[in-house]
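Which chain is which? They are A, B, C, D and E, in the order written, and residues in each are numbered from 1.
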Amino acid sequence: MFVLDYLWIIPALPLAGAAMLGLAGRHWPARRVNAVGVGSVALAFAAALELVREFSRLPAAQVPWLKTYFTWITAGSFRADFALQVDQLTIVMLLVVTGVGLLIHIYSTGYMAHEGGYPRFFACMNLFMFFMLLLVMAANFVLLFVGWEGVGLCSYLLIGFYFLRKSAADAGKKAFIVNRIGDFGFMLALLLIFRTFGSLDFAPVFSGAAGKPQATLTAIALLLLVGAIGKSAQLPLYVWLPDAMEGPTPVSALIHAATMVAAGVYMVARAHALYELAPAAMAAVAVVGAVTAFYSATIGLVQTDIKKVLAYSTISQLGYMFLGCGVGAFAAGIFHLMTHAFFKALLFLAAGSVIHAMGGEQDMRRMGGLRKRIPWTYWTMLMGTLAIAGAPGFSGFFSKDAILLAAADKSVVLYVIALLGAMLTSFYMFRLLFLTFHGEPRFDEHAVHVHESPKNMVIPLAVLAVLSVVGGWAAAPEFWGSSNRFEHFLAPALSSPSRAFLAINPGPSLTAAVNTFREMTQQILWEMAGIAIAAAAIGFLVAWWFYIRRPQTPERVAESFHAPYKLLLNKYYVDELYDFLLVRPTTWISTHILWQVVDDGAIDGSVNGIAHVARRFGDRLRHTQSGNTRSYAAWVLVGAALFTILLLWKVR
Amino acid sequence: MTLELILFFLFAAVAVAGAVNLILQRHPIHSALSLIVVMGALAALYLLLGAEFIAAVQIIVYAGAIMVLFVLVIMLLNAGEEERTNLSRMARYVGLPLGFFLLFELAYVMARAAGTQAAAPGVAPASTRQLATMLFREFMLPFELTSILILIAILGALVLARRES
Amino acid sequence: MQGPLLLTVIIFLPLAGALALLILRPEDRVWIRRLALTTALAELGLSLLLLRGFLPGVAAYQFEEYRSWIATPPIHYHLGVDGISLFLVLLTTFLTPLAVLASWQSITSRVREFFLMLLVLETGMIGVFLALDLFLFFVFWEVMLVPMYFLIGIWGHERRIYAALKFVLYTMAGSVLMLVGILWLYNLTGTFDLPVMQAMLQTSQVLLNTRTEMLLFGAFFLAFAIKVPLFPLHTWLPDAHVEAPTAGSVVLAGVLLKMGTYGMLRFCLPLFPEASHRLAPYIAVLAIIGIIYGALVAMVQPDLKKLVAYSSVSHLGFVVLGIFAFNATSIQGALYQMLSHGVSTGALFLAVGMLYDRRHTHLIREFGGLATPMPVFSALFLFVCLSSLGLPMLNGFVGEFLILLGTFQQHARWAVWAATGVILSAVYLLWAYQRVIYGDVTSENNRALPDATRRERVILFTAAAVILWMGIASPVFTRRMEASAQNVLKQMQRSTAYEARDSRGAAPRAIQPAIPSAGER
Amino acid sequence: MVPLPYYLVLSAILFGLGAIGFVFKRNVITIFMAIELMLNAVNLAFVTFSRMHGQLQGQVFVFFVIVVAAAEAAVGLAIIIVIARSRQSLNVERVDLLKL
Amino acid sequence: MVPPMDDLYRLAPELVFCGFGMLVMLLEPFVSAARKKWLSVPALAGAVLGLAATALPAAHPGAAYYGLLRIDTFSIFLHLIVGAVAVLVVLSSADYLEREKLPPGEFYALVLFATAGMGIMASAQELMTGFVGLEISSIASYVLAGYRRDSPRSNEAAMKYFLLGSFATAFFLYGIAMAYGATGTTNLESLRTAVAQGHAGGLLTLGLGLMLVGLAFKVATAPFQVWTPDVYEGAPAPVTALLASGPKAAAFALLMRILFVGFTASSGAWFWVVWISAALTMFAGNLAALVQTNVKRMLAYSSIAHAGYILVAIAAVGTMPDDAQSVAGIAAVLFYLATYVLMKFGAFTMVSQLGGPGERRLEINDYAGLSQEQPWAAACLSLYLLSLLGLPVTAGFLGKFYVFKAAVNSNLLWLVILMAANSVVAAYYYLRVIVVMYMREPQQEWTPQPVPRGVALVLLLTAAGTLYLGLFPGKVMQLAIQSALSLR
């Protein structure tokens, strides 16, 4: 029971790594940096595995396993402890975070080997691991918020890793600020939760939710959703994520694909007890997810930067996760989170490998024909593409299918949107693959020395590829003959008292409905799986047609649909819109109204004005002092008249 | 109308006329002479009021000594006609009206207030002896102080007016 | 050393140090600096004794000293410390050595006078926090102006004179009215002693009618609001900050501004609860405007120091909001925010000062790409920025969060508006940070700037350590504040007579002194 | 028998004329004379009141006033002489170095 | 005819002042030109002994000379002030006179005589006696103001002071005459009862008004302040110091006796006069001081403003002259006078010292960089200025504090607010001088004048006094309260 008793050790390991690297790493040799940076994560992963072992022996009554260490904030009736907890959801997240994190760290030792600021990179990565672990292990909302903001910070630092590039620094800032907008909602949610429940600890909040007014719960859930939207880059706060690709590719893989951006999904799942009591909020989650999934997929269609495509893809996939949660299939959402972590990390790392091979080139228009040159990269990336496109049997297929099924159960519209999104996903992913690896090389062979990546990069790719392929079987649904162990495993964490309440008193109609559904399922489920596969296939075929069979087609299409193409290419002009509607007016008003008119003009002006008037008066008075004795005598008479009149008048 | 009254009005008229003349004359020497006239008229009025000693002092000290000093200085400085500059608007537009206002205000209050106060006519005119007694007993302190005052005046005049060495 | 004289020693030690400086010749700069630093550090040590001896959970004043000073009117040398003032004293003693260190090299003219003023200033500041007699309080409150005035006026930058005058005149405008208020209170209660006065008012031995209470509240509040500074009385602040030398800005932002909020907490709330309650909505609106307005204006400042100055307007808006939410949580949050703002903003000014020492400008556009020549500095500067923008686990978060939390319990709408400040603070700080630190080195002048020196590292690491400590171990502070914060709320309760009078609506005119001032007989 | 208020009114008129003279005249010496006129008016008032109350005090006061007038005259004329020497003018309006 | 011995004791300070004044005069012709400066020794002795002689009347309180004088703590308090001023003037002027080549003998004599006059004003219980005292100090002041005969400015100051002073004197006298006419007495005690009986009517009121005109002129309150800046600027600096302190204090003493003893019963009438005059005076002084460039002139305006503050306290007494509470107000005035004299004298002496030969450096801008050239002088002047400004730890603060307190006590809310506003305005111009001294670089070469010992002593005394009264006002305030009590 070692790790369970010393839960803090898991986040503390990377923190220690970060501290060592940050304070002293500047003068260390690369090997020592590697040892500390990767080692700390490896140890954390090991601890997480040990935790799983120990956790599996824990009696159900002791779940969630809670450890309180010290009081962090206390004031008045408020009290927030530094408390960690472990339940099934945490376990899943822990494994994903430490596991994928470890692989990416290893990969980074190769990818970043020649970059300046190497120790800084690992310090930030380790720090990120710390905050991410804190986020998933937190036992109350405040600590969750700490991790939440902390990962945002690390994201900021790592996006701006190449701080010499203005675009990188801008992107980092943008990420942090847009996240802050989300956090604003999150913060308000915390305030409202505390006001409603008198506590911010998970246990009392979730168990006490049932009795609270629905409006309040809806408000809380929606505010939390705002936070989640910011962190998970959903509409309308997704704009930071594509820009975040300015960061080094391993960062994109770890933070902006596998872990941090999924925190929003995690949080919604964590707070499912609240969401389930707030149907409107659930619907909002679903709609946001579905729309984002489709919307960003459309942008992904035309992007030429390999990482940008993956970024929009990430947004889109996160949309699926939200959709899953929103339609009540929290387990499916988390499942997709996990598989997505595998294959998207893989895709990013592979893309990184491509970029590495191309000497930093990211534009797919200047690639092509790399299949033979970098086979490892190609094959692993193919696995990832198949997984994300939903090729049957691959991990993405299962998780996406679970979400689609759940969505279909709730709303045909959402289902259709999601399905279209899946088709687009398939298209743009194969487009990426074809443009990059197939066809003729479109780069200057002499300038670019294409080479396969070193082993420490390839091995993580391979591992992730394996996971992308087989990872789905953990949760393969029952009609595939599997037992969906994943969902069963998560069930205790994602079942809430409220749902238990429902389960105990199932109305007759509900039971009947469930039963009819059971009978119908087998048939329908297969049919729907078929539809999904067909959608993926269409996407693949179109991509094949466009980029292998008739490579000139895309241009023609682009020309005949010029306006929509431009719209997509420019990402619906959303950045420009935000700039025009928010950024510019704010800076303009701040500069020209608030600062210059209100501050300098009105306030300072009136203060200085008073001073000016005083001086003017003084000057007047001074001029009564003409130096002429006769005038002075006149003043004496004025005074005499004043005094006598006053006195006589008062006496009367 | 008693003789007394006639005399009063006569000397009062002379006094006022002298005062007005003092103001209107442009040459200081004329003004000085007018002032002497006023003082003389006042001395006469003091006599009417039964203050003989004061009347004498008025003539001797005031008209005699002080005014002579004035005339002397006027001569010494060879003061010519007054230059009627009008640099002070304050004096012209505020000072003069207020001067008249003050004149009327004082006169009004004097006339009214004194009217309420029953005059005590017929009290025996003060004898100079009584005056002396009072001066040297009850008012000995201020009397002695006036000597200091004179001393200061001498000292001051000396310091200020002596020729540069 | 926990004898009855501890507070006196704490107050006057810096003054003694200042006088000792006069013994040294003006040329002995090294020794002058050393003596000043020694004094400041000794003072810090003494104040830590205070922390050690302080009993948490006690609402009453501790380490009290009570001596007669002036017979008529009865004025006492009455000192005491409670959970409200304890940490403000510590903040002062903590920031002063840093300010001394920050001035080590950058002050080259009239060194002796500079440190003299700084130490005198420390005496004044600590006196303000410890005085329990209104007269004594006022004395310290005003005396402190002089050294600050000289610090800005002599060692400041181009428009230093304008700024110094503006600072003093603004402050005096408020404090004169406060003096009138103090005298009026004396007139009503016959004492200048805060606890006695408080007790008399609380037990309704002296009744204030509503109008009187409002006027008195106004007289005190205006002085404090100017000091805070609350929108729209803030325009002295940017000027004073921009023109002040680094040490001056540090102390100004770190401690002086807190005097305003301290005063509100110490005087306005307990003495005039009804007026506080009535005016709280308006004050809160001003505070919220300040939060947003300060942040927006900070965002567009071309001058780093001015940016930090406006950020203070924004941050102090939170404090005022927390105080006038009348909630134990928010008040503790406000207190905490006072401390953390002192440390963070102090550190920000220290960092900006280091840049100034190198380039003699505060203009953001003159910098850019400093991360390349000055990596260590950049990292620490970032740390400080993050603390200022309220990153959890650093100090700024705790205060802001508690304020919002407490305020939300009473007035959800206020908290919602105030919370937007959280977004904006990230905007202006990170934007400024980016323009200064990131990117290519834009100016040749900056290419060879030396990184933080050892002295500067000591300063920044110390600040960073405290920032982190305050972010993690907040109960160390809040436990000691708790009782006093609760006590403020308790003091705001009036006895039943008071409320009964309220319900009648009419109040006895209590302007004529209920108790004739005894001392004048 | 002359009613005493007559004297008082005369005194007031003389005092007022003195005051008017002060603001009207430009020559320093004449202005000083106006002051003397005012003092004379005071004396008349004192004597009249003395008579009114049947007391002698008023006359004693007149005595003091005359002494004061004499002292003032001595000093005042000395000052005037100094002024006349340094400014070559007796016009008060020309003596305005000190102003504003 | 010989007055009783006790009366002589009661007159001791005046006797000493006059005696030594005459002694200096008599010695003067016998001292060679080179040794004239040693005349300061007997003069100083006179001043110090005169100050010390205050102990005698203090030991023999009571009425003297048929009730013309009244020796009480009030008069003792003011004797201490004017005596101290005399000492300070003698100390500070010795080297000034030598530097400016002015005859010292007459100067000292005039100062001592003037002080005697002020002493009389402080104890006069009868109007005519007070008037004579006033004239003694005034005529001496006229001469002193014009003491630098070769300076046109000094002449002009003397002329203006003299003409307008005499003008005001005439008003004062006419006022006495009317009061006498209305009541048949000039003794303040008798007047008090007469006023209380209320039969006096317009004549008495008008008399009071005219007396107020005369005294208001002497203390330079608006709208009678017009002469002050010109005279203060033109007069030799030590004389300015004297004018701004001693005669003003004495005139306030006379004013208080008249208002609080003679005319208590009609306070309802004069209260408003004082109120309005206070308000006008504060603004006239402070606003005009804002735009001055000459230090001496600025200080002159500032002393006008201070007279306004004192009037606030007098107005405070006016709301309840018979109430025991009024004691606080009277005490406030007295305390304020003490502090005012200290700081104003110090400031003017410093200005005189810095002015250098011929008083050439009087512009504020001449002080640029003074703190570097003469740090102690700058520090000292700053102390006076801060005290005038009313900053705590200095005497000026407590003076203002007590005035505020009295005014608040009397519920004079508006006057208090006006005074508060004025304090802020005043801060501006005082601080401006400090700005120039400390925050500007020196503009021209200047060789610091060596500080003569006498001046140094004056500066030391006034600075120490300013700090002492600022920190420990207790004893002086106690005395002020006793004085106030003794007045009734």
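Keep this in mind: a contact is a pair of C-beta atoms (placed from the backbone, for glycine too) under 8 Å apart; a residue touches a chain by one contact, two chains touch by 3 or more.
It should be emphasised that the depicted structure is a prediction, and the values quoted were computed from it without experimental measurement.
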item	value
Smallest number of contact steps required from chain C to reach chain D	2
Least step count from chain C to chain E, where 1 means the two chains touch	1
Those chains which touch chain C and also touch chain B	A, E
Remotest chain, chain B as reference, centres from CA atoms	A
Contact-richer chain pair [A-C vs A-B]	A-C
Centrality ranking, top chain (CA atoms only)	C
Whole-Å separation of chain centres (CA-atom averages), chain D against chain E	26
Chain A-chain E separation of Cα centroids, rounded to whole Å	78
Rounded Å distance, chain A centre to chain D centre (Cα mean)	97
For chain B paired with chain D, centre-to-centre distance based on mean C-alpha positions, whole Å	6
Residue list for chain A, restricted to those that touch at least two other chains	622, 624-631, 633-635, 637-638, 640, 644, 648
Multi-chain contact sites of chain E, meaning residues that touch two or more partners	128, 132, 135, 139, 142-143, 146, 149, 158-160, 163, 167, 174, 178, 181, 201-202, 206, 229-230, 428
For chain C, residues that touch 2 or more chains besides their own	none
Pairs of chains in contact (touch as defined earlier), listed by label	A-B, A-C, A-D, A-E, B-D, B-E, C-E, D-E
Partner chain D, residues of chain B touching it in the complex	2, 4-5, 8, 12, 15-16, 19-20, 22-23, 28, 31-32, 35, 38-39, 42, 45-46, 48-51, 53-54, 57-58, 61-62, 65-66, 69-70, 73-74, 76-77, 79, 82-85, 87-88, 91, 95-96, 99-100, 102-104, 106-107, 109-111, 114-115, 117, 119-121, 123, 126, 130-131, 134-135, 138-139, 142-143, 146, 149-150, 152-154, 156-157, 159-161
Chain B to chain A touching residues, read off their complex	87-91, 94-95, 98-99, 101-102, 105, 109
Parts of chain D lying in touch with chain B, wherever the complex brings them together	1-27, 29-30, 32-34, 36-37, 40, 43-45, 47-48, 50-54, 56-57, 59-60, 62-64, 66-75, 77-82, 84, 89-91, 93-94, 96
Interface residues, chain C side, partner chain E - complex	69-73, 110, 135, 138-140, 142-143, 145-146, 149-150, 153-154, 160-161, 164-165, 168-169, 172-173, 176-177, 179-180, 183-184, 186-187, 511, 513, 516-517, 520-521
Complex interface listing, chain C residues touching chain A	166, 170, 232, 234-235, 238, 293, 296-297, 299-301, 327-333, 336, 369, 371-372, 375, 379, 386, 391-393, 397-398, 401-402, 404-406, 408-409, 412, 415-416, 419-420, 422-423, 426-427, 430-431, 434, 437-440, 472, 474-475, 478-479, 481-482, 485
